[in-house]
Amino acid sequence: GDSEGASSETKDTVKVGVLISATGALETYGGMTERGFKLGMEYATDGTMEVAGKKIEYIFEDTETDPTIARQKALKLLEDDEVDFLVGSSSSGDTLAVTPLAEEYEKIMIVEPAAADSITGSEYNDYVFRTARNSSQDAIAAAAAVAGEGVKIATLAPDYSFGHDGAKAFIEAAEELGAELVHEEYADQAATDFTANIQKIIEKKPDYLFVVWSGANTPWNQIVDMRVEEQGIKVTTGVADNATLPSMKPLVGMEGFTLYYHTLPDNEVNDWLVEEHKKQYDGEAPDLFTAGGMSSALAIVEALKQTDGDTDGATLIEAMEGMSFETPKGTMTFRPEDHQALQEMYSVTLEESDEFDYPVPVLKRVLTPEETAPPIMNE
Amino acid sequence: MAAILETKDLSIAFGGHVAVDRVSVQITEKKFTSIIGPNGAGKTTFFNLLSGQLSPTNGSIYFKNHDITKLSTTERTRMGIGRSFQITNVFPKLTVLENVRLAVQSQAKVRYHMLSHYLHYKKFEERAYELLEVVFLKDKAKSIAVNLAHGEKRKLEIAMLLALDTEIMLLDEPTAGMSLEEVPAIIDVINKIKQQGEQTIVLIEHKMDMIMGLSDEVLVLYHGELIAQGSPHEIVENETVQSAYLGGGV
Amino acid sequence: MESLLELKQVEAFIQHYHILHDISFEVPKSEVTVLLGRNGAGKTTTLRTIMGLNQVSKGTVRFKGEEISNRSTHQIAKRGIGYVPEDQGIFNGLTVGENMRVAMKKEDEETTKRMEWVLELFPDLKKFWKKEGGQLSGGQKQMLAISRAYVNRNDLLLIDEPSKGLAPIIVDKVTESIQQMKEQTTIVLVEQNFMMASNIGDHFYIIDDGATVHHGKMEELKEDKITMKKYLGIA
Amino acid sequence: MVPFILTGRSMQFIFIQIFIFAIFAMSYDILLGFTGIISFGHVMFFGIGAYSTAITMSKFDSTIGSFLFGVVIAVILAAFVSFIVGVLTLRLKSHFYAMLTLALAGLFLVAAEKWRTLTGGNDGFTFRLPEIFRDSQSMYMFCLLSLILIFFGLRRFTKSPFGRVLMAIRENENRTESLGYKIVHYKVIASVVAGVVASFAGVLYALSLRFVNTGVFATDLTIDVLLMTIIGGVGTLVGPILGAGLVEFAHHWLSGLADVHWIFERWIILYGTVYILVVIFFPLGIVGTIQSRFSNRPLKGLRDNRKANENKGRRAS
Amino acid sequence: MDLLISLVINGLATGMLIFLLAAGLTLIFGLMSVLNFAHGGLFIWGAYTGVWVFQMSNSFILGIIAAISIGLLLGLVTERLIVRPVYGNHIQQILITLGFMLVLQELIKVVFGPDQKAVFPPDILAGSFIVGDIVLIKYRLFIIAIGILIFVISTIILKKSRIGLIVRAGVMDKEMIQSLGINIKLVFMLVFMVGAGLAGLSGVLHSVYSGVIYAEMGLEFSILAFIVVVIGGMGSFSGSLFAAILVGLAQAFMAYYVPALSLAVNMLLMTIVLIFRPQGLFQVKG
């Protein structure tokens, strides 16, 4: 609406700035968030792009997976575009460079899909809400999927924060469930040879090997080549985005968990998402973070409904703490203590599929939000 | 007169090859000493030992009775041993003037001044121009050194050495490749320095007429060894020197 | 007499400096032509221009009747021109043997013979066969540079100041070798050592300020005090 | 001209980044342009500066006092490390030096990764700023002022007799030695000056982001700053400033094009092409090429020669 | 004992893989002294093209041939357009080849899409043997064999022909080598192409080894290759082989015995080697 006066426009419009990695190493994730967010807005407003009588506008900015750019773009959004909400971003580093700005400008930031525990932990501030799961939730889900009384477990993780966070949370959760840790293994995150690490794990003879991995240099082939399963060790891990599924071919039969796969959550929102996504994007199904992107949009709209369109930070915080809303992953709730959304995760088995030439996760059990609630870490 | 520079049993071997072999000489202060010898006799290597580019495998070097065997090139230059190089060795991308100016600056001991502008030292530049005049290079002062013709680079070498104003000057074939006309002019320059009697000069040359005209004393190296020593005339008469070095031509 | 190499009003620039203004000369077959001149006159530049290491901006260079100006250097060299540059052009990191091997265009019997001849001429090279070129003494480098040009059968050799840095006894040897080479190879020589130049030269050209200003037979030059004084500054 | 007064915090932020990288690039120029040292690990000093500030600011209260304390620590640490690196690496020639510095910077990266209690690992951590830096305008002025002071300081440094000797070392080490200069001292001092200035750039960087992670030790940053220096023109000091501005703006502008047409989503292709074009049209960097136009510097020759050779090649083929 | 053998074999395989990448760089960087940061770009193009052909045709051999071909072709383009104007000038080389690297890397995303791609070994090379208690991964044995093959071939070529000498001489003094009648431009171009072909080959071999390819892998691995060439001593094939194996073994053993340091192993190794042998382990000879 260019014809309208600028002042009235700002009053009647709620602007959302979405930070994503549109280029760089995480650009696939950025793309998912973008699509999910758009669909989320469409769904939540029934296509009107209006809530509580206000028009919603959103602007995507590319962080290039670089904290400096992320901050620069966030400043642009806050200063020049005068957004009322921030959403983002694909990388934890980028996100941490931006969260202080949310506090400074007193704007709500919905963190999606960055997973570092510290975002809602040691680096927490009141303006940050996270629809994404955090690393601990991942790990707890993984533990819930496999751990039990007397089960011997080992972990393999990349040697940096993401890996250490994940492994630590998994071990804690698994031990709580009565499992026994026999070995922790960390490999160089850029490594291509994992045989020495796998060798060590084999020697410790665990029942389950939990692998946290996020790089493209996956250890799966070597795990199979080293005949880990044949030695009675079951591998378990998180199933990530669709692009990684082909590389998990060797792991068919594996029991693990996932945040999202389009066939898993059984609810109205997800049905809509899958259908609409396929319609708009060439029959492609939504992917790992599409649901997350959608959830962040849903959170914003729900919050605005509750404040009746008021975008004041403090008002929104009050409304959002404890707020529950429907998402493709079932009902999410922002925990008041640390603003982390508790959410469903899925315990799955990796099975061959008729549809694709790669394996797909098949639901074993829905892990309830309460089951995967991470410890509160922002004290 | 006293020996300003003295070597005792100075030797260096490269792998198995002994390039300088137990050379003991005394170079007399304020005299003009020349070193001759066949190609590969070890003359340049001997200079490299004196100036510190190489360190000997054996023996020692004394400068004014101080043992300098272990000192670095820099320290020796600062004590007063300066040299020119056989293969032209200048700062290729700097101007001719700047090449000389750097030498003047070092001589004036302005080395670690970081906060003043180098052009504030007007004297340096003036001195550099003076020296370029001496070697007939003034009109090339603003040229970049790499662009000089071969003979011109040799002159620049000499100017830089003069700028250092050291007590001893080691000249390694200063006139090689210099034109017929300019050789005498350079000889004049060297002669002038000799006349002033302030500096000790050691010269390596293959031009016998130069050696004969300038030297007070001639050393002959052969396969790294010092095989003869004496006045120019004694040396030319020496039969070994004739057969090993001079050949039939002279 | 047939001339092997011919330069006609050659001009050349180095960067934006006009270095050669008017170089014209002819090199008769099987003779030694000497280029003389002061430092900076343009002798080296002339040789480099013939070799194609400098652009000819005007004029022509003909070799065996064929125009070679502005062909690339390796093509010029392949037509049978050998070059001993002023700065010797030794490959410092390669051994003496490797320096020779790189230079050899063929490895046939003739080359082997030439190699033997060269090593006899300069026994030092044989002695230091495995030494790196950069570690040779100044004179040894010069010998290597000359040898490299000798091992191939060339129709024309361009030699820039061969006597520079050589002991008198070696200068004699080089002089001798050039005289021997003359039978099969034509030679263009730049030389400051007047003794040597006059001993082996048949013709001379004087270059001054980038132009050929005078030429004639070598014997005549020795008598021509005026020219000597005017262009070479010697009495 | 640099706009001295600039409003709009996001524009200011871009300029702040330019100032910071200009300082970083100038420090690199001291090594590359004036002493002839290619280092692939210069980022280690930048990182030292960034972490020193960030850690002091998060451990102590956010006052000017603790900021100054952080700067002092940054400078001392950087001076110490650059001294050691200088001494350690002096015997190495070109590539070997470059690779060793790469390795050392790599070790710092690993250390930052591993010393999680202090650094928060690769996710990094945020911290609070002292009052005055919270205002973007004063942060902007502070960085601008730093740039100006450091520029004039370094210019004086390079034009001093000392700086001239550095250039001599760049041209011909051995010869400099036999003129009576102790090159070891010069190289170490140059290395320390470059290190300290780089660490100060790191200090400003951490301030401007209010955040630090292991990215400040990443080789990418060395590469960025290397490119800025080369694009602007090595050995010119103004060049790196211009280079920093150009790289940042090319980046900003090209990535902004992504909204214009889908083809520009691959703007990095254009960005890479800019580098290639700079070498072809400004082989000496922008400032270097311009300077050589206006003076008879040797460098001009390089370019003309190359052109001549190219022509020659074309004609021959 | 079993453990030792298994570590050694795996370390060797990693080493060979690094060697294959470094072999191309030994020619381009070690012999020709060109700091070619686009080497990683040639590597990923080899990887993507090779994998694509392999998956289309189901023939690994065809994939390998395709990878080498694209390497040669891109080598030609790179040399003529990018590297030729900047021989002898390291500073310009860095800028222009990094620019080209960005272009190559991004073009991969345009042509093959931005997602990572999974790769599986051809059936005959899939899986592992068990000898006693030792697991021998077939593909690794294959890599070791190829590495040895390439080493032997290239050593013979360099020893028997003057080509190595000519290239080194050409780097030292380009004018002089031309004056000896050698078309050094052509030689440089061919050598560069061979180096690029080797990069392409190592790209496709590596994809199968790591099971996945992505556009950013190029720069990471080319830095590793630079490290190996420097540790080995510039321009020495034996040096590169030795250094690559050293790096491979060090990685394997460190990962097993001192996992805390495994992140730093390459850097530490290089630091130690350079401090004690500033010219690299092997000096170039012959």
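First chain written, first letter: the chains are A, B, C, D and E, and each begins at residue 1.
Criterion: a residue touches a chain if its C-beta (ideal position, glycine included) is under 8 Å from a C-beta of that chain, and two chains touch if they have at least 3 such contacts.
Keep in mind it's a predicted model, so treat the numbers as computed, not measured.
Visitor: Starting at chain A, what is the smallest number of hops through touching chains needed to reach chain B?
Guide: The least step count works out to 2.
Visitor: Please flag the chain sitting at the greatest distance from chain D, going by CA centroids.
Guide: So the chain farthest away from chain D turns out to be C.
Visitor: Find the geometric centre of each of chain A and chain C from their Cα atoms only, then give the gap between the two centres in Å, rounded to an integer.
Guide: Distance between chain centres: 76 Å.
Visitor: Using Cα averages as centroids, what's the distance between chain B and chain D in whole Å?
Guide: Spacing between the chain centres: roughly 42 Å.
Visitor: Where the centres are mean C-alpha positions, what is the separation of chain A from chain D, in Å?
Guide: Result: the chain centres lie 36 Å from each other.
Visitor: I'd like to verify one number: the distance from the centre of chain C to the centre of chain D, where each centre is the average of its C-alpha atoms, in whole angstrom.
Guide: About 49 Å, centre to centre.
Visitor: Spell out, as numbers or ranges, the residues of chain A touching 2 or more other chains.
Guide: Within chain A, residues 159 contact more than one other chain.
Visitor: Find every residue in chain C that makes contact with two or more other chains and list them.
Guide: Correct list: 15, 52, 72, 75.
Visitor: Would you mind listing the residues of chain D that make contact with two or more other chains?
Guide: Within chain D, the residues that touch at least two other chains are 113, 268, 301, 313.
Visitor: Residue numbers of chain C touching chain B in their complex, please.
Guide: Interface residues on the chain C side: 14-15, 17, 37-41, 44, 86-87, 124, 128, 135-140, 142-143, 161, 164-173, 192, 194-195, 232-234.
Visitor: Would you tell me which residues of chain B are touching chain C in their complex?
Guide: By the definition above, chain B touches chain C via 14, 37-41, 43-45, 86-87, 147-152, 155, 173, 176-182, 206, 208, 244-250.
Visitor: Touching residues of chain D toward chain B in the complex: what are they?
Guide: 156-157, 159-165, 167-168, 171-172, 174-183, 185, 189, 296-299, 301
Visitor: Under the definition above, what is the set of chain B residues touching chain D in their complex?
Guide: Chain B residues touching chain D: 51, 53, 72-74, 77-78, 82-83, 85, 89-94, 98, 101-103, 105-107, 110-119, 121, 142, 144, 146-147, 160, 164.
Visitor: What residues on chain C touch chain E, complex-wise?
Guide: 51-53, 72-75, 77-78, 83, 85, 89, 91-94, 98-99, 101-103, 105, 148
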